[in-house]
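The structure that follows is given in the form of structure tokens.
As written, the chain order gives the labels A, B, C, D and E, with residue 1 at the start of each chain.
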Amino acid sequence: MSAIAAPVPLGEKRIRFTEEDRPLIAFGLFTALGLTVLLPLALMFLWSVADGWSPPNIVPAAYTGERWAAVLSNSDILNAGLTSLFVSVVVTLATAVIALPTAWAMARIPFRAKRLVEIFILAPMIIPGLVVAVGIGRLFLSLGLAYSISGVILVQIVGTLPLMIRLMTATLEGIPQELIHAARSLGAGTFGVLIHIILPLCVPGLLAGGLLSFVASFEEFDKTFIVGAPAVQTLPVRLYMYLDPYSMQLPMASVVAFLLLVPALIIFVIAGRVLRDDLMAAGMGKM
Amino acid sequence: ADSNLKNLDVDLSKVTRENFYEVVVPAAKKEGTVTMYNFAGSFGDVWKELIGRFETKYGIKVAYNDVNLDQANQQLIAVHQAGQDAPVDAFFAGGGSFPLLSSTGVLGNVPLTKILPNFDHYDPALAENVFGRAHGGAFPLVHLNQTAIGYDSAFVKADEVPKSFDDLIVWAEKHPKQLGITLPAKGGSGSGFIYSLALNTLTGECRAKLTDTSQTLEQAEEWAMSTDCLTPVWDYYRRLMKSAELTNGNADTLNLINNQKLHMGTVWEDQVMTFIRGKQLPDSFRLTLLEKGQVGSGDAFIVAADAKHPAAAMLLIDLAMSKEFQAWKLENKASRSPRTDLNSSQINPETAQYLLPDAVYPRLSTSVFWDMAKALGEALDEKVLSN
Amino acid sequence: MLDIQNITKDYGPSRALHPVSVSVDKGEFITILGPSGCGKSTLLRILMGISRPSSGEIHLAGKRIDPLPPEARDIAMVFQSYALFPHMSVEKNLGFGLRMKRVDKAEQKRRIAHALEICNLTALSARMPRQLSGGQQQRVALARAIVMQPSLMLFDEPLSNLDAKLRDSLRAELVDLHRKVGATSLYVTHDQAEAMAMSDRILVMNGGRVVESGSPVDLYRRPKHAFTAGFLGLTNLVPVRAHGLQAALPWDGDPVLLTEERNGIARMALRPEAIRLEKAHHSPAEVTSTTFLGSNVLHLVKVAGMELKVTRSGTEPILEPGARVAIAIDGLQHLLVESDSVEAA
Amino acid sequence: MLDIQNITKDYGPSRALHPVSVSVDKGEFITILGPSGCGKSTLLRILMGISRPSSGEIHLAGKRIDPLPPEARDIAMVFQSYALFPHMSVEKNLGFGLRMKRVDKAEQKRRIAHALEICNLTALSARMPRQLSGGQQQRVALARAIVMQPSLMLFDEPLSNLDAKLRDSLRAELVDLHRKVGATSLYVTHDQAEAMAMSDRILVMNGGRVVESGSPVDLYRRPKHAFTAGFLGLTNLVPVRAHGLQAALPWDGDPVLLTEERNGIARMALRPEAIRLEKAHHSPAEVTSTTFLGSNVLHLVKVAGMELKVTRSGTEPILEPGARVAIAIDGLQHLLVESDSVEAA
Amino acid sequence: MTALFNDRRLQLLLLLAPGVGYLLFFFGTPLFQALRESLVTDQGDFTLMWYQRAFSRPSMVRGLTTSLYYGLAPVFVSLALSVPLSVLIRQSFIGRKLFNGLYKLPLAVPSLIAALAVIILAEQGGFLDRVLAHVGLSLPKIVRDDAGLGVIFTSAWKQVPFMTLIITSAFAAIPEDLRLAARAFGASRLQTFLRVEVPLAMPGISAAVLLTFIGSMGSYAIPDLVGPPSARPLSVLMVEGFKNGKFHEVYAMGMILSAFAIAVLIAYYTLTHRIGPQAVTGDER
């Protein structure tokens, strides 16, 4: 008679009120999702290939690939796409590196001004981007960072840092103190603990924060333009002009919207599979 | 006048139309490259054509960028205030930007219209002044546009087409919610309209004040906010707003007309052409101008004060005003030209039906004072819309 | 081997450890037993180097270690929550410390294999911690400490998260392993059964002080303090009047024989199993409650205004409540040394 | 009173409860005892109505209740995790069920006051749950059930989150309360000491089935199945050869007397306290290990290739490992009814 | 040297330096400049004129109230949608995993594009209108209507996934036993939800409300594109001001908006501080 009956499932046991699946809920939710998320995206795509779409037509009468061809044949777009990718990757990595020590302090060290620091860290999420953009533009000019990729990267980090710090703080708070003590008792110094214990355990938080940072950076326009254009051409800088509300033409705007959206959506869907909801929520929601 | 082009090697005071190429071409070639900004989304192919011609002719490379006008203006101002070189040399900028760009010192202070050889047939009315402001030739319009009333002739019969502001309001009241008026703050067709209305309504001293272009934006705002002269304008708007739709921008007005939600609205002539070409307006769309005139405007090609390649920029602007290129632009884009030796007879008839008819244009086109138009828009917001 | 000299620990104004001194011989298995909050974990943390003592010195194998960081001490610890690295397999968990100490590869392999084997984990070496049951996780935590071959092993209530059956079986395994490995061990617990079953010596702590220490048999049979007596199993604190080698109980009956001479009022810790009951119809003592516990039966007996706990073997007949009984005390008994300062619990 | 008829529960292809039938009399205190995963909580959940049985019927006080939602059943439950509403004060927690059942205000007050009093919580009524110690929280959970005056009270391992000392004292309180309130109670636990100390009747479960049921004394002394014997305390399963009312043990010595006639090979569950050891220099039986447990001492004795567990009172002299001993068995013994299907664990 | 590193305050400062230092320099400096600019005239003399103007002009006053409205209204709509949604996605249904991934898509859609999508879908004469016209109905005005429905729906569209995410985990953090206990003590499903789950999820819900409030109050693209032309929030007025080079005025508005957001945040902190002071984690070293 062995006392160890079964491996203990450590995850939460989900107890359902009734055990059967519910087709009605599924139907309702997916219909709502279709109408609110997928339909607008589909319509936007239709606009991008519509050759005229006047009432009372519910779908366009004629189609054209001309606009896509025109945009895609422009080699600048591809280059801008690559620049965007490079900038976003660097921003994401740098954000993580900068955020980690601060998040550690926020998560692990009690100190008196913590609330104040928290509010300050949140501030860039509150203050309108343009106010910051112009101010930073001037600062960078005086620092000789204007019109350089490094300038653009530095300025974008201002936008991505707050969320990353919050996410990492939540992640780090979830690492039991005893693990760190255990590692130290087994001979790991500060550096060893960081490399072998803390970083690996931060991976879910880093993934969530990295994803959000990447998307935010990939789509950033205000600050990037003022600091980087014309020397640094990211995809949004190339394309946002077509989204100018005063002269926006729906077909062209739709092409552009898709170009901006698709990479972000693809990454989001892929990364969404490895993301932990609770962590994302913790980082965003915990105040 | 002293030039504020800090990177220009050439002594501008010695440059004339006659010796321009002798002096400037070598300097431009030495600079080797030129950066241009284009603010108008629909003008990309126009500039591509120009750049092709320019690079072949001079062998100077052009770095081309589409920009957002406001962002670009702010960027240039910030750069200038930091005392650094501008990221752009030649800037195709919105006509309304002149006061902002010149007052902030961003505008290159060069008498382009006087020294560039291709400006020899330039409309003298625009050569030194634009929209009532003296620019000394530094702010040359290379493309003209016109505010107008547009309508879908499938719904508006020929005899119903309004000829005056009074006709317009009568039509609007007969067809509630079918006239679109662009919000002045959100689009030039709207601020053009309010200024045109004021021109139409005001007389005597009031009109003198309205057209006194020596006023700054601040002064204009002050006047518009406090004067009683404008009461009839506000009354007109109050009445109009009961039956007309206020729209969110030039494109919005056109979209709603295309959606057949509106049948008439305030528009820009050239934008209409773009929309028709892009099948975003019905073929039955037509334009007209109201009696006593509606305002016209244009967009300028300028040299940035802090340009790194000012000579090349001047050369590029010069080529943009060449007769061949302006003719090409007129033919292909229906973009009106400030050259006196080009007129609409050169436009092919298929295109011409979408332009303002010769009967009203250029007869009813009047000059605009954009800062006043802006001030009227803001006052409208305070006096009529925010109550 | 291990010498703890006058260690104190203050958290702000409150003192978690009053001067504590302990010395441990090589190979000894010592249990620190005490109620929650008495400072057991604080002492272990100080030994491990996670926390610094406010004063005092610690020597291990002749070397003063209190100023050293944890990684420089030759000490391994088994945590109450196991503290397994969740992102490493069992094998990687065991190898972590060795990698940190740059033990050579072949030696690492050998030691890991050995530790896996003696902890009966060889089949599980590739599993991740979350794929293990609580007991298995506990064994991995143990193996991870063993593999380090430390001079000193610390255990902080390593079995308290497990259920009773598992606790019993792991307790035996642990003692066994201690014998095999022979490492000097300091084991913290608040479970007296655990302390008695496992250790060479028990150190009873209360309120940040060491109350007393000794072998399990000594502490159980001849506690000096009421606190020790009460903490190590059930007891009856009975006031007696001592006269030389005899003491009179508060109820009628034969005096109890004492282990040493004493005079005057004193207290005696009478174990429930040291009291014998016989049915006696006219006795003043009455059984008030009976609880069947399987191997023994707990009776509460009312006598002289006191309620005595008495256990009898499960094989003896059960006395029903209401039964009148005569009370007899077996063997020599022992009086408590009174010292109020340590009796708070 | 409560009648559970052939309840089964399937989770997909796996069966958590094989047909289970139980009936409980009014006022009875029944314990369901079994190892982790045997289906105890599943059964309670079905009774409460949180989970639906795959087949079978449940009748409570003559009414069929299995199709009813939980709120329509007259049952209250005490949870292992207490499940106190953290945003309500003690008083509000107690009043929650009454408000839900729309009991009239004055009656609510009366019942709450009464429950607070018998659970000794009156002074704490305004506190929030997080301001209470574990034991106090447990009492609130209890009071919250009592206040409902349900026909049936369910307990799901309500003491398992508490430490040993507290568990013992609350166990006694609970039995006391049951006596005062008199509600029919079903108490789930995997702790055999708890089961024996508290219940009128124990239901032993294993692998989704009821193995056997009976009073604590019956099950401990005369278990029918090896599983029961092993789960209710320490035991030695010894193969014997029975001959009428006698059985021969696998080692030399007197035959054991049996409670009933039987012939052939059988197994006997010998309790460690039923075995008597005497020093005997030339005996083949040898003590291999001795563990001092305070009130008793556990000896392992090697004989005839078996290792017997034997406990002796803590007051008897301790036999050191290596000592040769003679083995005697006290009293009449009992043979197991063999039935393999229920022995898996 | 080691002694220096063992100084806990120094350690703290060193750890905070990268993140907080970065923000202080690259965010604080421009912000400070903006503050200074909002307090001086063109000539550089101190003045409160810009603030005075912001609080006295009808369009500005209206801007402030509109900002508030656009901050609050979408939050209510999102809340009304997110709470039921997070209850529903806790249930088991076919395709739950897929839904879980898809509903978060709006998180990756910039506001500008969200507004574009709403225009295409719901504009007068837009897709929905045309579909309804086929059955003889017409869509009420949503885009650029006077009540700002377009803004509210678009903001809500962006916020619902964000809020749902936070609220779902707030609900998930409630121990299952508490739900069962409520049922066992006679509460129906709805009562359990209202009396136990919602109160317990409140900290998560309020954090979500706060963040979305701040987000939509400061958002520019959505009200600019789908808001009514007449009532414009401060954020839109600010951008407008920028275009005309009215820096001082813009900075003053920016400061007012920021001060407002920060005031809300501080109020939230002081309110929640009482309820759950965060646990002090971390021992020495």
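By definition in this document, a contact is a pair of C-beta atoms (placed from the backbone, for glycine too) under 8 Å apart; a residue touches a chain by one contact, two chains touch by 3 or more.
Just so you know, these numbers come straight off a predicted model, no measurement behind them.
Visitor: Touching both subunit C and subunit E: give me those chains, sorted by label.
Guide: A, D
Visitor: How much rotation, in degrees rounded to the nearest 5, is required to superimpose subunit C onto subunit D on the basis of Cα coordinates?
Guide: Superposing the C-alpha atoms of subunit C on subunit D needs a rotation of 180 degrees.
Visitor: For the interfaces A-B and B-E, which has the higher count of C-beta pairs in contact?
Guide: Most contacts of the two pairs: A-B.
Visitor: From the mean C-alpha coordinate of subunit B to that of subunit D, what's the distance rounded to whole Å?
Guide: The answer is 91 Å.
Visitor: Return the distance between the CA-based centres of subunit A and subunit D, expressed in whole Å.
Guide: 54
Visitor: What is the distance, in whole Å, between the centres of subunit B and subunit E, each centre taken as the mean of its C-alpha atoms?
Guide: Computed value for the inter-centroid distance: 38 Å.
Visitor: Using the average of all C-alpha atoms in each chain as its centre, how far is it in Å between subunit A and subunit E?
Guide: 16
Visitor: Going through subunit D residue by residue, note those that touch at least 2 other chains and give them in order.
Guide: 35-36, 45, 50
Visitor: Show the residues in subunit B shared as contacts by 2 or more other chains, in ascending order.
Guide: 69, 74, 186, 248, 255, 258-260, in rising order.
Visitor: Which subunit A residues touch at least two other chains?
Guide: Within subunit A, residues 3, 6, 15, 17, 55, 134, 138, 240, 245, 248, 250 contact more than one other chain.
Visitor: Could you pull out which subunit E residues touch subunit B in their complex?
Guide: Residue list for subunit E touching subunit B: 57-59, 62, 123-126, 129, 144, 225, 227, 229-232, 239-240, 242-245.
Visitor: Can you list the subunit A residues touching subunit B in their complex?
Guide: By the definition above, subunit A touches subunit B via 51-55, 134, 137-138, 141-142, 146-147, 222, 225-226, 229-231, 233, 238, 240-242, 244-252.
Visitor: If we count contacts the way the header does, which residues on subunit D are in touch with subunit E in the complex?
Guide: Touch list, subunit D to subunit E: 45, 48-50, 69-71, 75-77, 79-81, 83-87, 96-97, 100-101, 144, 148.
Visitor: Taking the complex as given, what residues does subunit D use to touch subunit C?
Guide: Touch residues, subunit D against subunit C: 35-36, 160, 163-164, 190-193, 196-197, 216-217, 220-221, 232-234, 271-274, 291-296, 311, 313-315, 318, 330-331.
Visitor: Considering only the defined contacts, which subunit A positions touch subunit E in the complex?
Guide: Its residues touching subunit E are 12-17, 21-23, 25-26, 28-30, 33, 36-41, 43-44, 47, 55-58, 97-105, 107-111, 115, 117, 119-128, 130-132, 134-136, 138-139, 154-155, 157-158, 161-162, 165, 173, 177, 212, 215, 219, 240, 243, 245, 248, 250, 253-254, 257, 260-261, 264-265, 267-269, 272-273, 277-278, 280-282, 284-287.
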